[in-house]
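This is the structure I want to talk about, given as structure tokens.
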Amino acid sequence: MPQPVCAIVGAGEGLGCSLAAKFAGEGFDIALISRSEKGSSAAAAAAAGANAGANVKFFAADATQPDTIEQALATIVGDMGDVDVLIYNVRGSFTACEPLEMTYADLDGIYRLEVVGAFAAAKSVLPAMRERGRGSVLFSSATAALRGSATHPLYAIGKFGLRALSQSLAKAYAKDGVHIAHFRLDCDLDVPIMRELYGDQYDSEKLADPNDVAETYWLTYQQPRGAWSNEVEIRPHTETWTY
Amino acid sequence: MPQPVCAIVGAGEGLGCSLAAKFAGEGFDIALISRSEKGSSAAAAAAAGANAGANVKFFAADATQPDTIEQALATIVGDMGDVDVLIYNVRGSFTACEPLEMTYADLDGIYRLEVVGAFAAAKSVLPAMRERGRGSVLFSSATAALRGSATHPLYAIGKFGLRALSQSLAKAYAKDGVHIAHFRLDCDLDVPIMRELYGDQYDSEKLADPNDVAETYWLTYQQPRGAWSNEVEIRPHTETWTY
Amino acid sequence: MPQPVCAIVGAGEGLGCSLAAKFAGEGFDIALISRSEKGSSAAAAAAAGANAGANVKFFAADATQPDTIEQALATIVGDMGDVDVLIYNVRGSFTACEPLEMTYADLDGIYRLEVVGAFAAAKSVLPAMRERGRGSVLFSSATAALRGSATHPLYAIGKFGLRALSQSLAKAYAKDGVHIAHFRLDCDLDVPIMRELYGDQYDSEKLADPNDVAETYWLTYQQPRGAWSNEVEIRPHTETWTY
Amino acid sequence: MPQPVCAIVGAGEGLGCSLAAKFAGEGFDIALISRSEKGSSAAAAAAAGANAGANVKFFAADATQPDTIEQALATIVGDMGDVDVLIYNVRGSFTACEPLEMTYADLDGIYRLEVVGAFAAAKSVLPAMRERGRGSVLFSSATAALRGSATHPLYAIGKFGLRALSQSLAKAYAKDGVHIAHFRLDCDLDVPIMRELYGDQYDSEKLADPNDVAETYWLTYQQPRGAWSNEVEIRPHTETWTY
């Protein structure tokens, strides 16, 4: 009997890894979409570890190239079956810059990554989801979607756009039975890149455990269609609210 | 072996009934707090129906009289044990009026119901929850908490205040392991009073099923402490967003 | 020829003083409403200094006692003429406390000050303003109106309620030609009480000059009815946004 | 003696025309930036009509081509002097579509118009403004910047991005004396294109008079640096709030 399929765009070492393990553990086959197979090898191992019976496969695509996203998702459908859950979980560069240091290439890149790629992924699965009358499209985002930044303007511009897209999709297609949700992480994740960034200041108590975050994605996925959240905020119990 | 205790302030025929049934069905003993036993009889029956083994009890209190709320919760702790989940689920009058028609008594009444009563309930359970390092305080609210109204100003004033209280409690006590959440229902519920209000316009498809809403409360309750939502929006998939 | 009348509830040493001077300087007669004449003596002097021809009068009322507010405004109308601009500028205690330290008396007091008193003042002037088809009701508020606080929950609860009231009034009565505006000061003011609170940390560059803030109130007052702001944020150019 | 310079990107028949007239009437020289001189001829006539002594000039640029914006503004500075006020007032297509009908070209176009072009304009004037310690950059936006849309997703995605940019610039450069403001028009303007769109439903009372809106831009421009608004909402007194 075929398992339901969860496709994850941006399945790296952090949250993507936890999401792959969680959905695999709950009985999903997992399609991992990254630029390189190496980039998603940790997620693949985690998914297999969580459920040896899960079908876990890698598909190459570059989120900033919408055609490659469309092709990867078409291949997934042909190979593994319809996508039941799509998680768009890319993460742009956190490199700090002041607004006047942004280049046009930076502006183009963040938009392709956060908005155009998210749209390409959503449009690759939404028509079939609407036809079946069910499906979930989950976008990983951040509090940066709600306020500009003197030091990380690119991140804000990208996440604002992603939130506009997510709300627009939810308003248009929730009625067809498709659950579209924007996860606002109001916290830093306890993932390898953050340990590097924090250095001596690293304190796991202050960061969100990606396994906990994946659990909250899963609980949101389980919401009945009569009582959906379309925007979900997430912070660890130790977090000082920044907003 | 004692069951965990869920106390519900405002357990009437609608959402309170569904919440009582849900938490009873999941193994909780249920303490129902209303002005009259008759007012919570439907909820009591629903809880018993969901789990014949649940200990379901009624305690009289008037949410607009904070001393009675404190007394009822003290009695519950003595009688049934520590409260693990407190749900504050009162609902003020929906009577429409324009702002200049509000009386000082109206203003006082809505504040006592939505803010003072909610605080009285929270303060009756929070010290013990903080000491144990766990517990959940869930407030039923609405989109009225986010915007004023030309036609229902009292409802807005009350819910704004409740939201301020809920955020303040979460910011102060989440770190102690207590999950405080404000549920913004961006919808009308399919409950008896709404059927009356809508009359010929009644369409169950446009309203949120209170059992679905209770399910989403339950899923929120299950969030791990590393990934909590403190404000949860809820709308049925058929809902046109009003905000 | 009679001058237009500006009534200021809460005309103390800080912003109230600057507002009295600004509106007097622009040709308004000024009615100052405070608990004691001494409390508004600085504002009275400032108004007289800005315009020796202005009629500047004191009227006693306690903002937490709505009847006294109503009486003071009725006296003002009888004595000085219809109120053209009402500014509600009270400021509650900044005393820090954690949420569980709030008393019921505290909760009652802040609500009477921020919401009930504001409503009493507004309802004393709105019917005549609606009849004349013009008038302005300006509420002094703060970013506390938008988020709860672990350390100043009373301030948040009061300002949330004030914002709900202001929005409700604007939605109901703007169409009648009455401009209702909520001023969100996202900053601390350079006023005597702040110098005390900051102590050694006092730095006038980081605080908003109350004369500048009064100027922005005045500019908002001048907005044509075809292009009103109902919520106005204010911060000095040196301010780090807190929201 | 040279006049201060106000540069307007997107000076068509509607608000751009009123802004040109307002700032000319207040003593500014006016630089009009549009794709074709014909497109800004009404604004040029309005500015000249408001102040026969104003120097009013046209400069060709395409807001979706950032290099042309940079070149036009460099030419303006060389020709007319430093820009004191920059108004970015482009308006994308209002063509309705559901989200799945958006093309990648549409997504690219709206971003170039609303975000990249706004950034190109800002970056062409901000360094000199920061050096002089004064200047104003004003962005025309809409309530679409705050919520997604089932029917106008492109407009929302563009305005969300513009708001993120505006907040980021304000947070970074207000401290240098540059006033950056985002005008959220929560209304439709009474301009030729709206008369067409509304057809038989056209009712000038329900629309904002662009001269009133220009007046509110002007009043915002006059705010002292100690009390700036960075986000300004505008609606006519007859407007039913949509948010």
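Quick notes
Letters A, B, C and D mark the chains as written, and numbering starts fresh at 1 in each.
Please note the rule applied: contacts are C-beta pairs under 8 Å (C-beta built on N, C-alpha and C of every residue); 3 or more make two chains touch, one makes a residue touch a chain.
Bear in mind the structure is a predicted one, so any value in this text is a computation, not a measurement.
In summary, the pair chain C and chain D forms a contact in which both copies contribute largely the same residue numbers, shared numbers making up over half of all those used. With centres computed as the average of Cα coordinates, no chain lies farther from chain A than C.
Centre-to-centre, using mean CA coordinates, chain B is 46 Å away from chain D.
Mean C-alpha positions place chain A and chain B at a centre distance of 32 Å. Mean C-alpha positions place chain A and chain D at a centre distance of 34 Å. Along chain C, residues 147, 167, 170-171, 241 each make contact with two or more other chains. On the side of chain D, the complex with chain A involves touching residues 66, 98-100, 102, 104, 107-108, 111, 115-116, 119-120, 123, 126-127, 147-151, 153, 156-157, 159-161, 163-173. By the touch criterion stated above, chain B contacts chain A in their complex at residues 167, 170-171, 174-175, 177, 179, 208-209, 211-213, 215-216, 219-220, 222-241.
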